[in-house]
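Right after this note come the structures.
Across the two complexes that follow, subunit A remains constant while its partner is subunit B and subsequently subunit C.
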Partner chain A sequence: MQAKRMNPLRRFFAIRGMGSAMIAFAALIVIYVVFGLREPNVFSPVNIQNLLRSMSKYLIIGIGQSYLLITGNIDLSLGSVVGMSAMISATLMTHGTNPLLAALIALLACLVIGLINGLLVGKAQLPPFIATLGTMFTARGIGYMINGNRNTDAIASGIGKEAGDAFQNFFYYGRTLGVFNTFLVAVVVFIIFFFLLSKTRTGRHIYAIGSNVDAAKLSGVSVFATTTKAYMVSAFCAFVVGLILCAQAGMGNMEAGNMYEMYAVASGVIGGISPLGGTGLLLGTFAGAAVWQTLENGLNMIGAQVGLQRIVIGVIVVFAVLLDVVVRRGTRKRIK
Partner chain B sequence: MGDLIVTMEHIDKSFPGVQALKDVHFELRSGEVMALLGENGAGKSTLMKILSGVYTRDSGSMHIFGQEQGDLTPRQAQALGVAIIHQELNMCRHLSVAENIFLGREQTRLGTLSNREMEQEARRILADLKIDLDPHKVVGELPVSKQQMVEIAKALSTKARVLIMDEPTSSLTSREIDDLFRIIRELKAKGCGIVYISHRLEELKYIVDRVTIMRDGQFVSSMNYADTTMNEIITAMVGREIKEKFPRVESKPGKQVLQVRNLNAGRMVRDVSFDLREGEIVGIAGLMGAGRTETTRAIFGADAKQSGEIILDGKPVVIHGVADAIRAGIVLAPEDRKKDGLCTKLSIRQNIALPNLDMLCNRFGVVHRTKETAMCDTAVDNLMIKTPSVDKDVATLSGGNQQKVVVAKWMARNSRVVMFDEPTRGIDVAAKVEIYHLMNRLKQQGMAVLFVSSEMPEIMGIADRIIVMCDGRITGELPAAQATQEKILTLATRFETKVAAAANQ
Partner chain C sequence: MKEEVLRMDRITFREQGTTELNHFCLDIDAGEIVGLIPINDTGLGALIRLLRQNLPLHYGYVYYRGRLVNHWQESDLTYNRIGVIESRSGLADDLTVADNVFVLRQGFKKRIIRRKVLNRQLEPFLRETGVKLSAEMYARDLTAFPRFITELVKAVVAGCRLIVLMEPASVISDARLATLQRILRHYAGEGISFLYVSRHYEEARQICTRAAIMLNGEIAKVVPTADTLPETLQCFGVEAYTQMVRRQERAKPLPPATAPALMLRDLRFEHIRSLNLSVAPGECVVLQDLNNHILRDLIALLSGARKPDGGQLLVRGKALAARHLRDVAVIQQQPAASMLFPDLSYMDNLCFTLDHRTPGVWRRSAPKASVRAELAPLLGEDVIDKPVEQLSQREKYDLVYTRVLLQRPGVAVCVQPFMGADVEQRMQIWKLMERLLEKGIAVLILAVNLADSLALADRLIRVLGGAVQAVYSREDFGSLPPGTPWHDFWVNPERCFHADAIPNTGSVAPIAPNQPQNQP
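This part shows the complex of A and B:
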């Protein structure tokens, strides 16, 4: 009575969300090659390096937002938490705090925002759009106030040039084995959360509540705990990106991470993470962040205006979701 | 028969506005199949949801395996060995069969999901049940009957000793029902207690040991299946006297207004044909899920139909959407007022005007305020809607008055056919009577009225003719004078015989 086993290739594509992730990768290759043919410098090793570094931020925040999108929620506070992380860690460092301790304190602050999001959405059942809109303003406000409503001085002014350089190199300017550290940080974050999402019980529950919250509840899944974990992941990702921005500038910028919550949605959605919940792979988010940065990079290299870049991103995001909606409608019809 | 494994005593449960359970008793022994029977809304599902931890009771005591239990959560009930297969499918469509079976009790090793083990286990459970399904398959891509089997497999995989099945066969094919019955017999032999809720009374004889009958949220009786007859069961299920007064108005049915011919729309409307006459009220009776709502929606054009003809005043009308039906003069007051019938955040005026804006606007699309006011005032007067002003939000009205607003939406047009879906659900007795008067008034004005109701006394009291549906088909038609509750229930449970094969075992 055993059902036939599928061959490996079909099994690979039978993984839910793999189809859209692969479409995003295919789009990535096409976009890259098209730009490369117009502007050979796109293929240059230096450009590839820069591309990998610039996509890293969007990959990390994309991962955080993907966790929420898969649960059927959203985290609008993501970008503000990025800013808060940058401002807290930079302010502490300008006062001479050890970078490690400064980062730890910033992390705790970010996780508190994640926890509050979880309480508001998972426990108080506020609409996630509203709850995280509130924490978005709050976190940005905290970021402003940390250093008295102004950007910080150079972090080197507090912790000294040596430590400042070390911090900046670790997160932005340095390389390991020829690859920018920023990208390596992104890869580590990716691996951790890829594992959490695809291999653990928490990950399974994240998909379950996004797919059918009632079924999950009746199966004994704690919606509150799962939602909160997803918001904590998002806050953690924002924290990491905050450090990267701080390292890049060598100081804390009050507007750091502005709009990043939306960039994060774009990365996820281009990669096939359904904004309606229940499906999507972080592999897709990876492709989505890469597609976006390749586009921006390519358009830059051929000298297109910033305005045009934004329009192209806008069209691609809508197109990706349209694809998702059409595919879903298709499956539903087949079931009937 | 084995020991008592579940005892529920003096169980009360109320929801806002309704007492769902009143002083209910229930007992289950190991190694028996207990049929829990009753009409729609008798409280069967509510009682079982309390036993399985979905709802908490207001008062009463509950013993499971001899142990007194407080309020349970679904997880605690599961841990005690109580599993429930819900009537409405509760699956995560995006997850695979194996993932759904193990949802909430995933096996892990060092924090990592043991996918291979769970898949093997799922494969074994499915093979045991002789269900031909790949555990990898995504549930959303399976047909409903297979999804139902997954739900059953999920409940069994918890090694439950009390298994509750709420209408498990409603979407199964005859072969799958055979399989299910075989599984039930095996579980029984292993000493499990099984609660079996079904409207398909003809299934009972294959598996059931005892029956418990509920009515209007109360316990009626409990007996051995062998000691009773189908007639006794039906009588116990319906056995209430008709208390309410039904203001019947006699009028001579005139010429035919609406003819529905061989209407097909999905699984729930199959080959439906009937006629409506001028000045006549026709009721559609049937159990939950008989396809009554779906029939009205298909006629109204709210759902797509596959085939069939709708003839209005002798002329075929083409209805592709709601707008076509409204223009032709066929209107529907839907079952769920708040969801489908009214925009609850808008005023009475806005609600009444909404479907009539074509008549109220000038050619630039600007609403003619005086015309609108006149229309709303007439409607409010005619239907005696109790409100200080037409500009009050409909949400502030009582259920009965809200229902009148739904009807008022359609009164401004010269509609020929008015369909009501459960018009008196959730409104008090006085308001009910007003709705009956309203239907009578429409009837006297020469309209054809069709109404769906789950309350048999109401159908028998108001309708001139009763159409009974079961499982998407019309199974009979009775003039009001000849209708009895027993006759209606017999027709309403006349399922196509799916269990013939099981009988041969």
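This part shows the complex of A and C:
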């Protein structure tokens, strides 16, 4: 017997988190148009290209944090791991290491931090806020020490101009089919992790842990393994962003990635990822990162003060979380 | 003359457009223990809320300790000093027993807490109960019975003259229930009254002087507990259930002798010491933990969260390992609240434990579509498209048990499956479990009290102090103590109910939402 189906539009919006993601996209369009009307250069192809490139960092880092928010956890070490990734790869490159090998070593170091976070939160059951606060300082400390408490020289100087340029082109300055590579890298990362979250067993386990951890345990889900995987994803994303920042600056900056963990939370929650766990789509994170960057870009272009930019973004984050809480409370009331 | 503690006079109470209590009348005298037997859940939660707080009434009057505290013309939303002890803890886990009893009390004014003084003050109360309990113990470390006693003492210390006990037998073992009854009688002798809520008449009649039968938010009848079960309860919807049990019981064949689906051999872990049992495919075994110590340990072992200290836990002949976890399905008590993922869709919930059988279930849409097409007629077309939190209790139970059915485990472990369920739900759970058994899945019911579990059981294993105390086969159920639910059923297996005397033999009809009521 053919089962009777809901109409496709209702079905689309019935996907948990889709409503919030669509709201974020709508907000993005409104914000973009408003800024565009005020400053026509916002619509220029050059600006659009730059906008996409700049939002890539927030998108990738947001993906990592979204994985954790969905499990009901958080990763405060993200920004420091970004810095560590940038410093390790840059230091190695300035010492003549092949960029690929340097990136691999940086990746390993980042994944170790992810694994430690997973062990502390999943196995030792430390509160994620405290556990990742510890690794945040540790990773930043490693970033400082790796080059003797100073920024690195230009990466092109150590590995030769060609390799340095190739690295910078691949991650930041180069274009493919007219689009900056940075954005393409972000899109690839997005597609991989979107697939992982929505089409695999691990993805369902991530949602299940955030939704009802006890039921997940009783259904044979290893909370430790799943939490660790989420932290590894987050560490991987931080690693990629570290490489992007390294390519952008052409050197390793000890302060790279500072506050990025918070930008990541903001990208997620603006896009409807629930900080209470269990709900959200990476599509929302995409919209959230875009909203964030469009705001920054637009406020810059109309000449708003940096302070005002921060206030506007802060208000939007609080509003997004408030919306999530109110919607959840409303749903619970309706059910009662 | 007897002093009246509580009188609820013709209460009609509505919440969000639904009539929860309808011409509800109940009175309790000082020092009286009154049973309340809800046939269905309508109005039970509202009654408790209304006892605790003076909420706006549609009609009626509430008197507590001789004073009119709430009436339909004016409700001041104040709280009544009435204690309610539920199956879930009402204590602050990280505070000691003494802190919970004294500090978390209305009217406690001291600013500096002197632990020794509190402990000394608590001592006579604990001595009165005859229960050995340290005032310094943290609430988190208390097992069910000491926790219940702590809450009881807390209510007494707080000056509550009426204490509501919500289904104590669902958390307190049979062995401790007798101690609780002694304590209740002691306090009743001191003038404290109790409203003892129980799903089973047999349980209530052991302690109560009379029992009020509650149906669809009203008191259908108040009976002296000297009456026997069938004459008083059969008219209230239980008959259909009883007949169903009896019919099934007669038709039920014994499970064939095959290799056990679950076998515990000399199992040792924390409170479990040398536990031996086996369950065959398609067999239903009830494990009753007489002192409520091992259930948590057993669930931890069976769900694979912990490993045994010694002995063997074999499922389908193999030791339970991480890759075989789907061979065991654990259904927690009150699964509608504990076993679902509210943020996942219905289909995701349904297929959650299917991935070991159909690896592509999350990647491809075909497996889910096939499950949907197969099960939609059974579960309901519209139901599948609903968000999980909008499902009714019945639909949630269907979802949890159908998920287990799809999982096809060797054994389904049901933890207190009938806890808090009304007659209609019990019938449904019964049928859902039958469905598992029909598919050859072994069912192990973990219980503290027997409730309705016996009606389905092939064997009963009673565990005391972490080891098997006695094993009863179905023929031996009649030799269980008289207070056991359904005891009459097993003592007189051929006894028939008088169906002619029953006004409605169908299942209990719930009160319709927004049902028009007489205006006061």
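Following the convention adopted for this analysis, the second predicted complex is superposed on the first by the 332 of 336 C-alpha atoms of A that agree within 3 Å, B and C clash if a C-alpha of one lies under 4 Å from a C-alpha of the other, contacts with A are read in each partner's own complex, and residues count from 1 in each chain.
Note that a contact is a pair of C-beta atoms (placed from the backbone, for glycine too) under 8 Å apart; a residue touches a chain by one contact, two chains touch by 3 or more.
Just so we're clear, the structure is a prediction, and the values are computed from it rather than from any experiment.
S.K.: Touching A:Tyr207 in the superposition: subunit B (first), subunit C (second), both, neither?
M.R.: A:Tyr207 contacts both subunit B and subunit C.
S.K.: Examine A:Arg16 and indicate which partner it touches, taking first as subunit B and second as subunit C; both and neither are also allowed.
M.R.: both
S.K.: With both complexes superposed on chain A, which partner does A:Lys217 reach: first (subunit B), second (subunit C), both or neither?
M.R.: Both partners, subunit B and subunit C.
S.K.: Regarding the shared-chain residue A:Lys199, is it in contact with subunit B (first), subunit C (second), both, or neither?
M.R.: both
S.K.: Quick one: classify A:Gly278 as touching subunit B (first), subunit C (second), both or neither.
M.R.: both
S.K.: So, does A:Arg150 touch the first partner subunit B, the second partner subunit C, both, or neither?
M.R.: neither
S.K.: Residues on subunit A in contact with subunit B in one complex and with subunit C in the other?
M.R.: 1-6, 11, 14, 16, 199-201, 203-204, 207-208, 210-212, 214-220, 278-279, 331, 334-336
S.K.: Show me the residue ranges of subunit C that touch subunit A in the complex, using the header's touch definition.
M.R.: 16, 299, 303-305, 322, 325-326, 330-332, 338-345, 348, 352-353, 355, 362-363, 369, 372-373, 376-377, 381, 384-385, 387, 389-390
S.K.: Would you pull the subunit B residues touching subunit A in the complex into a rising list?
M.R.: Interface residues on subunit B, with respect to subunit A: 54, 73-75, 78, 86, 90-96, 99-100, 103-106, 108, 111-113, 123, 126-127, 130-138, 140-144, 266.
S.K.: Mind listing the subunit A positions that touch subunit B in their complex?
M.R.: Listed in rising order, the residues are 1-6, 11, 14, 16, 199-201, 203-205, 207-208, 210-212, 214-221, 278-279, 331, 334-336.
S.K.: Once bound in the complex, which stretches of subunit A touch subunit C?
M.R.: 1-6, 11, 14-16, 198-201, 203-204, 207-208, 210-212, 214-220, 222, 274, 277-279, 331-332, 334-336
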